[in-house]
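Just below is one structure, and these are the notes that go with it.
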Amino acid sequence: MKPLTQLIEAALFAANRPITVEELQTLEPESALADVRTALEELREHYDFDGHAVEVAEIAGGYQILTRRAFAEAIERAQFAVRTPRLTTAAMETLAVIAYRQPVGRAEIEEIRGVSAGGVLRSLQERALIEVVGRSEGMGRPLLYGTTPTFLELLGLRDLAELPRTEEFSIALHPHKPEASDDGQGDAAASVVAES
Amino acid sequence: MTSSSAPTRALGAEPGFVVQLDAFSGPLDLLLHLLREEQIDIADIPVARIADQFLRVIHDLGLNQAADYLEMAGRLIRLKAQMLLPRREGQDDWEDPRHELVRRLLEYQLIREVAGWLERAAARRADQLPRGFLPPPPDLPQVPLTIDLLQLLQAVEKVVADIPTPVLHRVVPRPLDTEGAVLRLEAMLAEREEFSWLDLLGARPSIVDVLSALLAVLELARRGWLRVAQSESFGSFLIRRAIPAFEMLPQPTESEPGSEAADAAD
Amino acid sequence: MKPLTQLIEAALFAANRPITVEELQTLEPESALADVRTALEELREHYDFDGHAVEVAEIAGGYQILTRRAFAEAIERAQFAVRTPRLTTAAMETLAVIAYRQPVGRAEIEEIRGVSAGGVLRSLQERALIEVVGRSEGMGRPLLYGTTPTFLELLGLRDLAELPRTEEFSIALHPHKPEASDDGQGDAAASVVAES
């Protein structure tokens, strides 16, 4: 491996979060960003061709060394490490609203989910998955929330553009216009509901 | 409905036994669950039936105290009444009162799908472990902070700008939600003969909640739907239904408590 | 690399402590201790021959993957670069409130900024920009915060009196007792903002 590749491997090992190309460049100020990218590529190929159990993952705009998927279960069974625990449904739904509507205020989140959101918002903020990104101009100037890089890390996404567009989900937002049916209620097809 | 993410729970084992408040992630979730169980087209909801089922489930689940569920119950009752209003034949401009509910349900369902996607992404990411050992931070001199007066003053400006208009008294940004409180109260009256003022308030009400609830009680007392009694001075007071429940909504037909919902849960 | 070697690499990478040969054996109960030792040897050779920046180190009777000594300095530099040399917006705003309102309690800071301040206060304290200067007489006798000499040093000020006055700020922050300002320094503040 080239010296820059070694430096980068050492740095990625030392950090436990994604490191950007710009940050890696500071390791060797003489080097160009392109050099850093080439070195990252060399490191990635090394891991792939030699069949290492770790890989260079591209997450949240940076690079991080992670174990490959196949090994998590065995490692957890042997109690050497634990996987990140899952978030609650309420937390995931709230994240979903914020991810797609950001910047978004608490009232809108509550309207969409039909439940009050104070507790969930606080705990998502404490876990640094969301942050206050501004204030609305409306009455009382409510706080507006957005997602953080930690959110991308949690999902292993490179950036927000990797989120699927809402059209890609099986539920279309525009229903067949509810027509004035003359009370043949109940036996209609369960098309929309059933397909999820 | 194996793909349904509705939680597994023991329902109706003991009527009134409080299962889990978080069995459903909200009233919309519960509503979608009911629609799915009944294989009902979301665009043509039999409001009367669903409203009754909704009331029964929140009763069986012991959700009576959860304001979010009660508010939805109130909405359904109102919707049910609206659906019963006669409408003329061939009336074209009739606007389906269910429209808003359908819109919210579809929007919520989309959010559920998105949440599911996020959950799968998070699970995939969790299958890749980061390095467990973190070398102790090097014993370096603290990074010299770069702040200067300009930054500080800019922060000052921003803080000032973010303070709601500097006035002598603080304006309560939330208006009273009397309508919501009336809906909630109607739903509780439909369910129970008598309950205390504190039941109506629920856990940890805000001042706004208390005022809204008080106005709602006065409003329904004026309509003659309820009577209020106080056994001792400064004590909590009782709210008693003053008209037959069926005048507000038909009683759910007498069946084994929660049987339908229990089937649904399996 | 053999499957057992891969499994061991993943485990040593994900574990937060040295793992003994006996513990590693639990990853693959079929394997013998000798197999584990052979796999460890294979992993070590891989790292050595390919010129990786990491090595299999034997520590406290167990094994751990560590970066090589030669890269220690690079890692330090990387972590140096990784640590944010700037305050976050939230920290800066909190600092501004404390600078102009000291001694001030957490509740008042939170009321002014509209968000909870616990984490920010802690990090400002860690950076020695603020300190506890006393306790209020009020309910629960909450802690009161003020700025430190380090804060003055960073701003190049001799004492707090040298902080530019911002009339606007002090009025906005005294909503309950708006006093007529006693001197005409109001526009001095504005000019300071503009000129620096």
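Points worth noting:
Read from first to last, the chains carry the letters A, B and C; within each, the first residue is number 1.
Note that in this section a residue touches a chain if its C-beta (ideal position, glycine included) is under 8 Å from a C-beta of that chain, and two chains touch if they have at least 3 such contacts.
Quick caveat: nothing in here was measured; it's all calculated off a predicted structure.
Farthest from chain A in terms of Cα centroid separation is B.
Chain centroids computed from C-alpha atoms place A closest to the centre of all protein C-alpha atoms shown. Each chain gets one centre point, the mean of its Cα atoms, and the points for chain B and chain C are 38 Å apart. If you average the CA atoms of chain A and of chain B, the two centres end up 28 Å from each other. Averaged C-alpha coordinates put the centre of chain A at 22 Å from the centre of chain C. Contact of a single residue of chain A with at least two other chains is seen at positions 13-14, 65, 67-68, 71, 75, 80-81, 135. For chain B, the set of residues touching two or more other chains reads 129-132, 134-135, 162. Considering their complex, residues 10, 13-17, 64-67, 72, 75-76, 79-80, 83-87, 89, 92-93, 95-97, 99-100, 112-114, 127, 129, 154-157, 164, 166, 168-169, 171-173, 175-176, 178, 189, 192-193, 196 of chain C touch chain B. Of all residues in chain C, only 1, 6-7, 9-11, 13-16, 19, 23, 26-28, 46, 50-54, 65, 67-68, 71, 74-75, 77-79, 81-82, 90, 114-116, 119 touch chain A in the complex they form. Contacts from chain B toward chain A in the complex involve residues 3-5, 22, 25-29, 32, 35-36, 38-46, 49, 67-68, 72, 87, 91, 94, 96, 98-99, 102-104, 106-115, 117-119, 121-132, 134-135, 162, 164, 173-174.
In the complex of the two chains, the chain B residues touching chain C come out as 129-135, 137-138, 140, 142-160, 162-163, 166-168, 170.
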